[in-house]
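Look for chain A in each of the two complexes below; its partner is chain B in the first and chain C in the second.
This part shows the complex of A and B:
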């Protein structure tokens, strides 16, 4: 027996599969929230709902960590990094796409190759420099080394290559300079790729672990990924407070997703999942 | 894991600057001085952090001219942090490093040999320590690391599962044969897991594995020659494989052992007593937790090795050296071990405190679970660190081979031999 596309049976099957996949995707999130609400003796329970829910883990997490401060630090670091990467990517891409100069191709290849260098390789030289510049424990130290990214430049190059050159030429003939063309002509028409880049850079910076681990010494100046580590030790994890902190840490990203869900999905579709 | 290896490789390559020659330590602290203290107990929430902060505060109260700047880093990252700061020109003063880093810290990072630095003061300070206490941090006859927070492997067991399996929880297994029998009985009667040793990683060192090997008369290396596939060492691993094949040894994720035991799904768990407080909390209202000494190979005496960490002094300025040495002495004093043992759960390096009513006597009576661990102090056998710049890689190769030998299907001895052959070229030449 065959099921025709568009038939009720087909639709039920498709929706059933999608509901199942959605539940699978949501389950870890639910488990995080449920564990954060379980009392200590119930943390290893496999029941779907906490038998006696408590906010004790949230109290423990907030007592152990300056959570609002850490969330603000992370938000500021991620937002500034995303803005800086979008700006530097856009400027570099504009030069490489619309200006003709010797070495443009080589510069582009070098930028692409730099993407292949793991951050861990340049981390120590960056750390030495940041230390000498007095950037230990600072927001500037967290943002500046990541203010330019090869991924951002390449994404912007792709976006600008598909931008109609005639419009740029017309603006130039009308006497507009490069900066004006960029700000008044290109940026307003490049909102979608810029939003995509911003979202990806924000999420990537939000999840950054190694660089803050090295650079930051005081918990008040720290970020959320280091804060979560606070509940994980060689002698076991404090699952309750860890899940409470993780839930609080997920909220801003969740809010970002709710506001920008179309751009987030577009970002992953355009760039491939990083 | 790959990222960590890349980070370590980058640090090794960058840390090429020659060490500054040590000056003579100042006789006393006469003016204000600030020292850094790299510590992993501070990097996580809970009793370890609170107790350590309390100790630092007390030290500064007793030494008003000294300011201690604590720098927290997780135990598997603290060495990287020390190295990075050295490269950046911020010479660390005192660091808590795990024992696996002992030789590297002594030979490559320029940790100060305490005999040269403090001579008679060290001798006087070591009076009252366990016989092997100083040996835990020795490299080629000199003490580079002063044992700080440490423990030995003990067997935690779930008395409820013992009863359910018809076993007597007052008679825990003493030998590996008895572990096998008890593990099989628990598995058969309850459907839960029998036994698991915290010997396979992914985060902990190899101290449990080394304790099992040395209890059978084996060693993981002899000088610069790897010996973890030699008969006595390989037999110990083959014994674990036999437990696995029989079903007495749990086949679970190697990183999930603690959670499995805490959730009441594992009968016997051989690991550091540093988790005792955590296990007591997890067991409350769920199951009866008990502790026994680590099992033996027949009548052979066991060789419990040390987990945990030692303190390493890196200061190069005379005043800072004095301040760091004073902090080192304070952190290994009776006052400090009273705090460390009662609040964190590690062993006291000074066993006399256990009988002293001024210190731990009453506490030990009220917390008898520490007794099996204290009894093992008499046979404390130093954990063997690996030498040379590739020490972590060699240790990982050994650990992975041992895990494959126990969990895999191939011949365990051949698996170990193959890894030993691959690892030997990474060891320093004789």
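This part shows the complex of A and C:
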């Protein structure tokens, strides 16, 4: 017995699979938000919607964690990291695509393969170096080691390879220097890949866990992932406030996704997994 | 490979007025990215290699002491290490059904899906990928809580025994694998769907005209043409699966219960920052890097072979 493609039974199976997968993806998030809105006596309820929603848990979470400060730290860290990765990636790709020079191949391999070195392998020397440079608990310490990323350079190399060479050639004929060509000719035509790289790098940096875990000691300097981990260790079974804190930690990214979901999906798909 | 598009700029040289140093232009553009990866990835890798032959408790006033191959000799005989290595393999193998096999099945099943719902599915299914790992840890810890979690409430309502998802040594590792996979399954599905949609309809049509069964079309046409994407996802799973699980181990189980959820990446972290034996951590790191580096080279070679096959 075979089910014909296009038959009603087949279409139900197809939609059924996708609906199941969608529910699997969003239900845990919905449960987080629903729990965060339940009053204390209702936390263990299994009702899909909170019967009498309250913001009480948010108040409790805000009292326990300096949330505005932490969210600001995280935003600054993620925005600076994304900008730095886009800039260093663009510059490196410019050199590798438009010049032929001795050592180019070595440089490209050093950058590309850096993505193979697990962070746990280099964490001790990195921690020692960051300590010597006085980078503990600092924004600079969070951003600088991540100011360049292999995937950013590779994405920009791909973008520049397909860039029309005639335009660059024409600008050069007009006597423009290489920096002027980059700023005035290439960058304005590279807005889409730069934006997609920026979004990708921002989300990755926002969700970064390991390096801040090593670097951050004080709550005032903390980022949201570490704040959440701290809160979970301290008040692990205060489910209402914990879910409120987790919701606040996710809201900026979820809001970004709500607006830019198509671009976000495309840029993740284009760069593979980060 | 790369064509020199600006031949005249090839030998151009920039003088840095303050330093009096001459630098050729491409190196100047390359400098920021190269400097960062050398200072924060390659130099530390060399540093870790050196540290793996020393004993050091990481205290500022203590000096590292040279111990030769002792760290390696100790590691190989420690039961901790054996457990961590076998668990690392379990993490990777356990992730395959979620990161490759189920997505492949769903992508092939849903290939003709179109219309407005398709975009809605895409948007929803992808969502876990952008959720922060620690948020994923927190919300699954709640859903799977032994006493009050929704999953156990459902199990006991159906008459089953409650499961200690994070406290039962036989289950905890698979719970962490599930959380790791939950973030990936939708993304992998979208990636495979995109590759599947790129297969020319004429190939399928021609095979159907020849009377090929649906299964034969999948086996002889779709799977070979999807193999580069399947390989990419498999490579990611092998190389990074155990690393992705680190957050959940550290946040949810601390390697327990009874060391059932530890893996090599968590072991390095414990040696380094819990028991302060930097040398052991570095030695474990060097061994891990060598093994995964060889795996990566193998994977890249395989991918190159199949990339040719694709065109």
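As a convention for this text, the second predicted complex is superposed on the first by the 234 of 274 C-alpha atoms of A that agree within 3 Å, B and C clash if a C-alpha of one lies under 4 Å from a C-alpha of the other, contacts with A are read in each partner's own complex, and residues count from 1 in each chain.
Note that a contact is a pair of C-beta atoms (placed from the backbone, for glycine too) under 8 Å apart; a residue touches a chain by one contact, two chains touch by 3 or more.
What you are looking at is a predicted structure, and each value in this text was computed from that prediction instead of being measured.
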Label the relationship between chain B and chain C on chain A in the superposed model as either fit or clash. clash
With both complexes superposed on chain A, which partner does A:29 reach: first (chain B), second (chain C), both or neither? second
Could you tell me if A:118 is touching chain B, chain C, both of them or neither one (first, second, both, neither)? both
Now for A:15: first (chain B), second (chain C), both, or neither, which partner does it touch? second
Does chain A have more residues touched by chain B or by chain C? C
Output check: A:210 vs chain B and chain C. Expected answer is one of first, second, both, neither. What do you get? both
Touching partner for A:44 - first (chain B), second (chain C), both, neither: both
So in the superposed three-chain picture, is A:101 touching just chain B, just chain C, both, or none of them (first/second/both/neither)? second
With the two complexes superposed on chain A, say which partner A:229 touches: chain B (first), chain C (second), both, or neither. both
With the two complexes overlaid, spot the stretch of chain B among 1-9, 271-279 or 379-387 whose C-alpha atoms clash with chain C. 1-9
Can you list the residues of chain A that meet both chain B and chain C? 43-44, 118, 120-121, 123-125, 128, 210, 213-214, 229, 232, 236
Touching residues on chain C, where the partner in the complex is chain A: 2-6, 8-10, 12, 24-45, 47-48, 51, 58, 106, 109-110, 112-113, 117, 119-143, 145, 148, 150, 153, 182, 184-187, 189-191, 194, 214, 232, 236, 239-240, 243, 246-247, 250-251, 265, 268-269, 272-273, 278, 281-282, 285-286, 288-289, 292-293, 296
Chain A residues touching chain C in their complex are 2, 5-6, 13-15, 17-19, 21-22, 24-26, 28-29, 31-32, 35, 43-44, 46, 87-89, 91-92, 94-101, 103-104, 107, 110-111, 114, 116-126, 128-129, 144-145, 147-148, 150, 152-153, 161, 165, 168-169, 172, 178, 203, 206-207, 209-210, 213-214, 224-225, 228-229, 232, 236, 239, 242-243, 246, 249-250, 253, 257, 261-262, 264-265, 268-269, 272-273
Chain A touches which residues of chain B in the complex? 3, 6-7, 10-11, 14, 40, 43-46, 48, 71-77, 80-81, 84, 87-90, 203-204, 258-259, 262-264, 272, 274-275, 278, 281-282, 284-286
Looking at the complex, which residues from chain A come into contact with chain B? 40-41, 43-44, 60, 64-65, 118, 120-121, 123-125, 127-128, 131-132, 210, 213-214, 217, 219, 229-238, 241
